[in-house]
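The same subunit A turns up in both complexes below, where it pairs with subunit B and then with subunit C.
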Partner chain A sequence: MVELAELTAGLDRQARRRARLRESAVSFAMMGPAVLLYTVMTVVPVGVAVYLSLTDWDGFSAAAFIGLDNYKHLFDDPSSSEAWYVTALIATAGTVLMVGLGLVYALALKGRSRANSFFRAVAYFPHVISALILGYLWAAILGTNGAINNTLAKFGIEPLGFLFDEQFALISLIGVIVWAGFGFNVVLFVAALQTVPAELLEAAAIDGASKRQINLRIVIPMIAPVVTVATVLNLVGLIRAYDIVVSLTGGGPAGSTQTFTYLILARSFEGTKVGYATAQAVFLMVVSAVLALVVTALRNRQDQAATGS
Partner chain B sequence: MKTMWRRACGLTVAPLVMASAVACGGGSDQASEGTTLRVIVNITPNLTEKYWNDLFDGYEKAHPGVTIKLELTGTISPDAKLRQDLAAGDPPDVAQQITPKADNVSLFTDLSDQPWIKKTPLTAQYAVGGKHYVAGVGEQIQSLVFYNKAAFAKAGVDAARITTMAQFTSAMGELKDAGYKPLQTAGQWVTGAQFSMIADAGVLTADPEWSAKRNQGKASFAESGYLPYFDHYKSWIDDGYLEKSALGLTYADGQTAFLNGKSAMYVMGSFFVPAADAAKKSDDIGVFTMPTDGAYPSGQFGNISNPYVVVNKSRHKAEAIEFVKWATTDAAAIKSQLASDGNLREGFTYPMSSLGTSVQQILDKAPSVLVKSGESEPITGFSDELNKQIQSLYTGASPEDAADGLDKWWNSQS
Partner chain C sequence: MVVLEAKVHDRPQAAPAKGGKAPGTERGEPRSPGRWVLLGVLFVIMIVPVYLLVVNAFKSQQDILDNPFSIPLSGLTFEHMSAAVSSPQFNVIDGYGFTLFLVVLVDVLCILLAGPAAYAIARSLKRRTQLVLLYFLAGTFIPGAAVIIPVIYVLREIGLANTVTGLVAHDVASTLPVSIFLFVGFIRTIPVDIDHAATIDGAGRFRTFWAIIFPLMRPAVVTVLILNSIGIWNDFVSPQILLSPSSGHYTVTTAVYAGISQYSTDLTKVFPNLLLAIAPVVIFFIYMQRHIISGLTVGAVKG
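This part shows the complex of A and B:
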């Protein structure tokens, strides 16, 4: 009798094991397409890029392995350091302005009304148009022969250096980037603001909190995770700023608006230095990843401090 | 469970099947009824997409079954476009505006055994290792100063007497006093290109091997005949002969400003002539050879025009070679391309404006055409860096800083 019970238990265990195996196999098969696509679309290209960054490949001849020479050259190349400076300025100022303006705009337009919907659409509209086209449009407005300077010329006023003065050009570039991108943050923030419980805000108002206090002490902390996401997205996006640079300033004057991505695409890839360009791109990817991780970690730490955990 | 398993397998296999179908389906450009030749073309204000389509229509009519498909480069150079296509495993058949160098000739078909190749211009100058990979339609010369006749008359300046840099600078002062912007420039690539047009005539006439020496590390910008030209250029900015605001102009805007009579002089290549003709301003504009600090007239800094290469990986090489032969040797095709971009070729004439005729006379009198190719070809990226350094003269850099910056960049690339 005991033997029969043991046999039955053994058969049950086997059946359960087979069922678990079948379930695992099905799960793996379900994940298969996604894993395959991720591997083909992301892992393999990144692996190939890392390999190419260690070669002197010119884009067509056989590539020779040169170790870390391309990475060393990143630090000797005078163009690289200048481009990093410009990129850092654009990424920092652009992110602060895009997030800040987006937040102010979203707070001002969070209510449900036709006027608010209209102004939200207006803010988001530039995001729909290709950045390359926006750059050309603004070049036609800000250029020496552009709409503004032509109007000034009619009054005998000298042209303003929106695009020909090196500092002004950088400010113009950041301005256009912020104008083109902050609408996306507005949409994110408005969506986040809708999730803030109305009763919480009502309670705060009944307790005598001012609008400013409600926004600073309740609303903004509650949408902080979305602000973090927007900050990371903006920062990583602006580190890769390229299309508006090409069409608005072309990296000029005198390279004063040349970003790192512009350097990679317009100079290294345009030349025959594909291996070096790939090393620059890998370096950029690492910097972007580190920045994203740092911002997220800081945010997490702040959240933990706030909740006391 | 079986159904679920089958669905899972199906989901796994579907992308592979789709990817295979896409991979196998694309790539063939040999239609059943003929051949499509894909040609990377150079688009400029003179050479528009419509121009190329109209020109190549003639070839298609004479060669039934062959279709020419333009490959536009967008914001990148023809060279970069070619490399993109090659990297994507989708080689075009023919490319324009690429001049082969020692390190990339393997990309192009050797045309040396083609009997017609030596009839095309500047073949010897553009040979690599004694072989001919490129066929051009004509020549462009670029050491030219176009001038506004009315401005010169008002300022009392005689263009024929400007043969030295000192006289050129003095003329700019007189033109400024007469109320004109003395010299027109622009942003984008124009600033650096104009400096080349200004300085190369003098430096390379004095030492035709200078570029080769720079490539070998035996010469530098900071310690050569180029430095005085950086000095001249900087002094023109400081004296207000060149305006910083021009850096905010596009190439087309700069050209239009000169054509509209706002400025007195415009240093540009022979390809400016068709723009002047189209604006019906040719008779109001004169031209003289760029003055130098040395010999006058100097050699003309020049280059091959409308260069064509056959891509080695072309799937229709024989047809592509035939097409290049037509583009560079057919009389009607040559005349059309020469006229469209104001280019020149011995033995070919086309109806020219007074300005075009003046340019032709300058070429006839020039002691040489100075071509930067082969061993004299600057390293890749030089024109961008030169542009940046010349623009830095407007933003406070000294001539020494700019020349030194150029040398440092060059050294960092080798």
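This part shows the complex of A and C:
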């Protein structure tokens, strides 16, 4: 830091300024490499995306600046509005189910026994596996030639269209997403439940409250802030769903399970509407930024509440 | 932030002291049949897919199609598994090597860059430095997959398109925001007096960080390593799009993707390859369960 000898010797202004300069230089050397790499690989691409979104670039010829035209037509074409519907449905239905199941199983598994921690791990494990691989596994189970339909066929039952009926495919996709993701909420909620003071629950039980009353009136309200954070985390994660769509349904049948990110990447590779696709990417970024800001605000409030008590 | 972190880290130690004292666990719960139905359903739904994966990886195509759920004791075969292990194309085992190389390289570079940066941010009282933290935090709002296309153009400009270096640069950059955020939060809980003592003993700031502060950051470093390793290992979009097939490099996920696009109906290839792809992560999870769960939870909630 600052040479102590110099300080005690004179304390003259020049030496102090030199010390401060060296201090800044060291700080700069410490932060510089990280800032540089992050700027070039993350911030600049976002800038490029914003620029491309204002052009009609097709991936080959020269790009012409067309202002906000791409944004005006964000919902015009049928496949984009379909993708928005699919993404919104996955995000909302998926979040509701994941949070709901998370709460149910967290209440059942909150105790600190070995059995409970085993079941928590059972619920959690898909979270560490690549969504792409999980999608392929489920495709091998739910597909036309999958384990379930082949078993049904032995009993003479017609194959079910888990993945080839348009509406059923979307339900299957949401089901697999929930299967893979709700365990994360279980763990999150259990951590919160274990901080609820036992005396409180004992007092309520002595006053004659039933188990259900205790859970609904005391326990869940007490962990409400964590439930809110989990809700927004799930929403932010699900509006970006991509890998699992690629492997489970490939966006099909007939585009009925194309999410927004899937559409953006598919279009960018067709190479015809890159400008338009980046406008959608920028829009998606704004939506997830708004949701992420909400989570930050909620978290800050929660932290303040925690320090206040 | 600090409060939340302290709780998450303290809990495992606090657990044995309180063990089983919560009223809910002793009364009612273990005896209620509803609970066991709930847990039974959970177990079946979560484990059956894994069971199918393991069993069918060792069966013939005919057995998989006829009796997917059964274990034909006489018909089990290692033939397809060994074929997958030695397959010349889209080999998942080869994918392990390249993916592990990526994971280690990204982990090391991330720590080398994020550590000192977080230290400088955490120990500075200047407004300017706090803006740097906000600048990094903004990165957590960016949906990586959706803006991967512009990354290609940037890599092309700096001559790193379609190279492993380019992929590593992108991956390291993508790990920086959350890593720096977690490190800053942790370093702020370490008393500044320790730094002052090191300064008086004549250590420079880099030396103070690497020799004194960094060893104290172990819990945060473990969290960051787990978070980044699992993230990079499972990543599909970045390697798929930033490394074209002509590069000849396949990660576990891109190898499975390339393979299954070709042989999707041959279940004797699908199941063994999927099992090979899942096995390392699941084994890692079983051994490091508690660290992984707490690491990923802290990372997601705070990052």
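The criterion applied here is as follows: the second predicted complex is superposed on the first by the 228 of 309 C-alpha atoms of A that agree within 3 Å, B and C clash if a C-alpha of one lies under 4 Å from a C-alpha of the other, contacts with A are read in each partner's own complex, and residues count from 1 in each chain.
Going forward, contacts are C-beta pairs under 8 Å (C-beta built on N, C-alpha and C of every residue); 3 or more make two chains touch, one makes a residue touch a chain.
Keep in mind it's a predicted model, so treat the numbers as computed, not measured.
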Touching A:Ala108, do we find subunit B (first), subunit C (second), both, or neither? second
For A:Gln213 in the superposed arrangement: first (subunit B), second (subunit C), both or neither? neither
Subunit B or subunit C: which reaches more residues on subunit A? C
Answer with first, second, both or neither: which of subunit B and subunit C does A:Asp58 touch in the superposed model? first
Figure out whether A:Thr92 sits in contact with subunit B (first) or subunit C (second), or with both, or with neither. neither
Between subunit B (first) and subunit C (second), which does A:Val246 come into contact with in this model arrangement: first, second, both, or neither? both
Considering only the touch criterion stated at the top, classify A:Pro159 as touching first (subunit B), second (subunit C), both, or neither. first
Please indicate which partner A:Ala198 is in contact with in the superposed arrangement: first for subunit B, second for subunit C, both, or neither. second
Is A:Leu37 contacted by the first partner subunit B, the second partner subunit C, both or neither? both
Overlap of the subunit B and subunit C footprints on subunit A, residue-wise? 26, 29-30, 33, 37, 132, 145-146, 246-247, 274
Name, in rising order, each residue of subunit B that touches subunit A in their complex. 1, 4-5, 8-9, 11-12, 14-16, 75-77, 79-80, 83, 86-87, 103-104, 106-107, 187-188, 244-250, 253, 257, 380-381, 384-385, 387-389, 391-392, 394-395, 397, 405, 408-409, 412
Using the touch rule from the top, collect the residues of subunit C that touch subunit A in their complex. 1, 3-4, 7-8, 11, 15, 18-25, 27-29, 35, 38-39, 42-43, 45-47, 49, 52-53, 56, 65-66, 68-69, 113-114, 116-117, 119-121, 124, 129, 132, 135-136, 139-143, 145-151, 153-154, 158, 169-170, 172-174, 176-177, 180, 199-200, 204-206, 209, 230, 233-237, 241, 252-253, 256-257, 260, 265, 267, 270-271, 274, 277-278, 281-282, 284-285, 289, 292-293, 296-297, 300-301
Using the touch rule from the top, collect the residues of subunit A that touch subunit B in their complex. 22, 25-26, 29-30, 32-33, 36-37, 58-61, 73, 76-79, 132, 139, 142-146, 149, 158-159, 161-166, 246-247, 250-256, 258, 266-267, 269-274
State the interface residues of subunit A toward subunit C in the complex, per the touch definition above. 1-2, 4, 26-27, 29-31, 33-35, 37-38, 40-46, 48-49, 52, 104-105, 108-113, 116, 119-133, 136-138, 140-141, 145-148, 150-151, 154, 179, 183-184, 187-188, 191, 194-195, 198, 201-202, 205, 211, 229, 233, 239-240, 242-243, 246-247, 260-261, 264-265, 268, 274, 277-278, 280-281, 284-285, 288-289, 292-293, 299, 303, 306-307
